[in-house]
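One chain, chain A, appears in both complexes that follow, with chain B as partner in the first and chain C in the second.
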Partner chain A sequence: MSRKNVFLVMTIPALLIFLVFHTFPAIQGIFYSFTNWHGYGDWQFVGFKNFINVFKDQQVLDSYLFTFKFAIVATILTNVLSLLIALGLNAKVKFQKTLRALYFIPYILGMLIISFIFSFIFSKVLPDIGQTLHIQWLSSNILGKTSTAWLGIVIVSVWQSTAFNTILYLSGLVTIPGELYEAAGLDGANSWTKFWRITFPMIMPFFTINMVLAMRTFLMAFDQIVALTGGGPGRATESISYVIYKGGFEGGQFAYQSANAVIYFIVIAAISIFQIKVLQKRGEQY
Partner chain B sequence: MKKRLFWGLVMSVFTALLLSGCSKNANNKKVTLELFSNKSEAVGTYQKLIKEFEQENPDIEVKLTTPPDAETVMKTRLTKNDIPDMFAMSGNGTFGELARAGVFADFSGNQNLEKVRPVYIDSLEKVVGPTKKGTYGIPYTPNANIVIYNKDRLKELNGTVPQTWNEFVALLKKAKAAKITPIYWTLNEPWTDQSPWNSLEANLVSQNFAKLENEGKTSFVKTHQKVAKKMLTLINYGHSDNFGKGYSDGNTAIGKGDSLFYFQGNWAIPEVLKATPKANIGVFPLPTSNVPGKTKLASAVDIVLTMSVKTKHEKEVKKFINFMMRKENAQTFIDDQLAFSTIKGVDQNNEILSGIKPYFADDRITAVMDSYYPQGMGTASLIQEFLQKKNTNAFLKKLDSEWAKTLDHQ
Partner chain C sequence: MTNKKINWAATILLAIGALAVLIPLYLTITIAFKTPEELSSNLFNLPKHWMVSNFTNAIKTTNFFVALKNSIFVSFFSVILTVLTNSMVAYAIARNMDKKFYKLLYYFFVSAMFIPFPIIMLPLVRQTSTWHLDNLFGLILLYVVFNLALNTFIYVGYIRTIPVELEEAAIVDGASTWRVFWKIIFPLLGPMNATVAILSCLYAWNDFLLPLVLLSNPDMATLPLAQYIFQSQFSTNYTLAFASYLMALAPMLIVYMFSQKWIISGVMRGSIK
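Up next, the complex of A and B:
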């Protein structure tokens, strides 16, 4: 066997696994979105009925609003925080390695576990503190109020995902050659100018990928919703994935929610492509 | 290269043999039945009864599956065509939906049905609906939507168990004035708002509501004004964090006497006692009318025993169901679970539940209607939202539109 063929053979198992576990179910989902299948039992083709209904469904529209509001706020917060932490960890501080390991821990823990812990904090610890200190807004569970429940979800999500983005920023900061800062220093640039004129442009590719990754992850928010609010109070914190899952498996709307999922797939793909295109262009300007 | 390949093959064959050796015991031809239950509270009791059953029938092994969020797990398994042999599940809307989809075997004519109070067979058939004739399971235990009250707190207020709605509200006012939390709401988990809703609806709205709503001949706006109004009265008598506390908080609070009343079902009693073993509590149905004695107990089939239509072990499953339906075993089950039995002559004699015993004895029972709602409508979340926003008309309209929408999307 020639060297080339060996490499080809090596890709085949992965290709098969990808086809069986990814492409095939995806095509199946698209197929069922044109039927009225409950998830079991008999079914018929219904054409585009499901797709038309998705656009008329207030619950779906509300979940889009919530998801985007949540994703945008969480993406910005995550990126600001993780860039700050990365800058700090990149500087020559004491216990640098320990701190790096420490900041990475949230990412190792599962979102679900973190959410359950925070759920306990929100429902027991914080109200207790609020009551002892007589702070009105803190003395009841913030997840219980329509106006504040989404903030609880943002806090937990940002707390968990900052870790991963920090690592990416760190690896970006390491690539910046020290001479640039030296030269800038000689020219009399202060730290603020150094950051905006050197650091930020140099890590622009990392900024792009972090924005895209964070946005994509938050748009798919699911675990934290299940564990923290179950979509409530009322339907105030139902993310799109949560609506798809809940309607599809609990509500016997398998086909209808498949249509919702197909539309959502297109939306996410479009956003990711847009982000990469726009942010890359900006990156090239520097 | 070739040598390595050979050893690789040998190793994989060996591993395969080892694995298959683990999963099957070739000498022992035991039949394994899977019992799928949605009651995590009852795991211990089931295991006790299963052990006895296995001793009686050494050739049958029963595997109990009780996942959290069981109904969802069941549906995901059905999509994969991985169906358990038998089910001990709630006789609710999901049951009706699955029965209509032809998942369960028809038990019409089964001798066990003769032991069961007819009201529950009737209720089960109503859940399945007229499109699919038959009895798709054996009702095993009914549940009851009740008010749990703390006897110590009631005594402090010099109160007695209320017989009418006005008496009930008067007690709430009295408790509030005495700085005792009148009702411990646990609305962080929306499903807990269904207990008072079910009691009110089952008593104040016609039992034909679901059928008429499906045909578009009635609406929530027309029929549920009183129910909504009474819910709004009740939400005024909560604690400071009505939407921040959950089921387990409530179970602890009522046992400790942190509140006077707590809306739940009889299934919560064992949990309350687990949290506070010496809890001094009693129960009564939420009085919905001002005519004493007119209130009926809102009840549904809590556990129905049924079988997959596709099981390969029909004989063994029926053996297990017959075993569960024996009077002494049904008694064990309800004693352990503080539940009631659908079987005539099997009574619950626990002191705590004495407040609702006469309702079962005199058949003063009305069927809970949420099992007739379209599945996946998310009524509990909608009620939760309503209790925050308090917008009666918008809420009732939304129930109507969600009903139509959910039917249309299935």
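Up next, the complex of A and C:
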């Protein structure tokens, strides 16, 4: 076989399987979003009707509102915490290896089971502490109240995701040459100046990728919703993926939720591109 | 650098912060060994009598060993197949980036990273059930396909740093392209193979959504899905539930304990690419 043909044999089967199990379903999803199909029986084209209805659907709008509120807060918290932890782990600390190993544990644990465990912590452990210490807001399950349930989801998501972002920041921090700090130290720079003038500009690419990845992950939140609240109380914590799952599989809204998924895709892609553009531009200023 | 003083402030802050990781784990382990009475009387104590029966009950209730076997089966084969196929595809792409077809292929695969799973979820589930792939084999196949996006990106970046001269010498000696890949390139990919194996293993082991929507038979449930299915039976029997959670988390925790250095450096390597 010629070299050229070997390369084709290496890639064509993978391309075909990818087309069948990824591209084709994606095209089908887009196709059905212009129909009124329930997932069974007959269907007709309905043009943009599904899309127009999605925009008017209070349940969908609420799920976007919740998902964004949750994703933005969780992204910021995750990045602040993981940057702080990475800075700490990169400093000359005692028990560095043990601490590093501890902080990365959540990364290897699945979100679903973690959420089940935290569900117990929110419903029993925290109220127990709250009652003992007479702290009013802690005395009842925060997942049970419409106003605070989303915070529980933020806490669990940040707990699990901080580990991975810490790894990314740490791999950025170890690439900064020590001489830079020594030179700045000779010039009389304090730690605060060193961070903003050396560390932060040097890890700016990692900051960009962390913000994009964290935001994308949180916008797709599903496991923690299922395990912590099931979308409740009422519909207060229904994420977009959860609405698509529920409506698509249990509500007979195959076409309708396909339209929702198409919008969802456009939103996620737009945000990722926007974040990369803005953060890269900020990066160039340094 | 070496004579720098130990930063005690950072050490103490990190140690306090580590409690946020440790306390939930401590609770999980201790609750799993308690009696329900003991749990209701005190949440934080160590168990007085370590109840092993919680675990035997959980094994029976959740069919633990079946789920464990399913999870190991799916994770093992999706890792092996992912590493073998994805590296090969990436090699062909990396060595032909000057050609239009392969360049297009590269961007086609990599851009799939931006397609959220829910957009393909509904049609995909119908398709797999029609084709009788609503089982563990379908799960493995889909993990290998979904991994291709990120891994093409990781592998191609790495392969392009391997000098072509290495291969050219072998080709002059009459080695076929297959031989060149398996005998020269694949072994050189060792560190990246490890990274890809770790990432795809964690993905397959911890994933919940795909088994949830794909698998039609509860006997095929992987460990996370089994926890979800038996949630209603656990009800308020928290000690039983926690024994079950702990058993589901334990395999990965044990692997991590023995290879955490290797896992962390593997993930870091993937992130620098």
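Here are some notes:
The rule we apply is simple: the second predicted complex is superposed on the first by the 272 of 286 C-alpha atoms of A that agree within 3 Å, B and C clash if a C-alpha of one lies under 4 Å from a C-alpha of the other, contacts with A are read in each partner's own complex, and residues count from 1 in each chain.
Basically, a contact is a pair of C-beta atoms (placed from the backbone, for glycine too) under 8 Å apart; a residue touches a chain by one contact, two chains touch by 3 or more.
Note that the structure is predicted; figures quoted are calculated from it, not measured.
Once the two complexes are laid over each other on the shared chain, residue contacts for A:38 go to chain B alone; chain C is not touched.
Looking at the shared chain after the overlay, A:53 reaches chain B, while chain C stays out of its contact range.
Legend: residue contacts after superposition of the two complexes on their common chain; A:204 is shown touching neither chain B nor chain C. When the two complexes are overlaid on their common chain A, residue A:215 makes contact with neither chain B nor chain C.
Judged by the touch definition given at the top, the superposed model places A:178 against chain C, while chain B stays out of reach.
When the two complexes are overlaid on their common chain A, residue A:262 makes contact with chain C while staying clear of chain B. Applying the stated contact rule after C-alpha superposition, one finds that A:168 touches chain C and leaves chain B untouched.
With both structures placed on the common chain, the touch criterion links A:252 to chain B but leaves chain C unconnected.
Greater residue coverage of chain A by touch, when chain B is weighed against chain C, goes to C. When the shared chain is aligned, chain B comes close enough to touch A:139, but chain C does not. On chain A, the patch touched by chain B and the patch touched by chain C overlap at residues 39, 249, 254.
Residues 71-72, 75-76, 78-79, 81, 97-98, 101-103, 187-190, 240-246, 249, 375-378, 381-382, 384-386, 388-389, 402, 405-406, 408-410 of chain B touch chain A in their complex.
By the touch criterion given at the top, residues 1, 4-8, 10-11, 13-15, 17-18, 20-22, 24-25, 27-28, 31, 43, 85, 88-89, 91-93, 95-96, 102, 105, 109, 112, 114-127, 141-142, 145-146, 148, 171, 176-178, 181, 202, 205-209, 213, 224, 227-228, 231, 238, 241-242, 245, 248-249, 252-253, 255-256, 260-261, 263-264, 267-268, 271-272 of chain C touch chain A in their complex.
Put simply, chain A touches chain B in their complex at residues 36, 38-41, 50, 53, 57, 59, 122-123, 127, 139-146, 230-236, 246-247, 249-254, 256.
In the complex of the two chains, the chain A residues touching chain C come out as 1, 3, 6-8, 10-11, 14-15, 17-18, 21-22, 24-26, 28-29, 32, 39, 85, 87-89, 91-95, 97, 99-114, 116-118, 120-121, 124-125, 128, 159, 164, 167-168, 170-171, 175, 178, 209, 219-220, 222-223, 226-227, 240-241, 244-245, 248-249, 254, 257-258, 261-262, 264-265, 268-269, 272.
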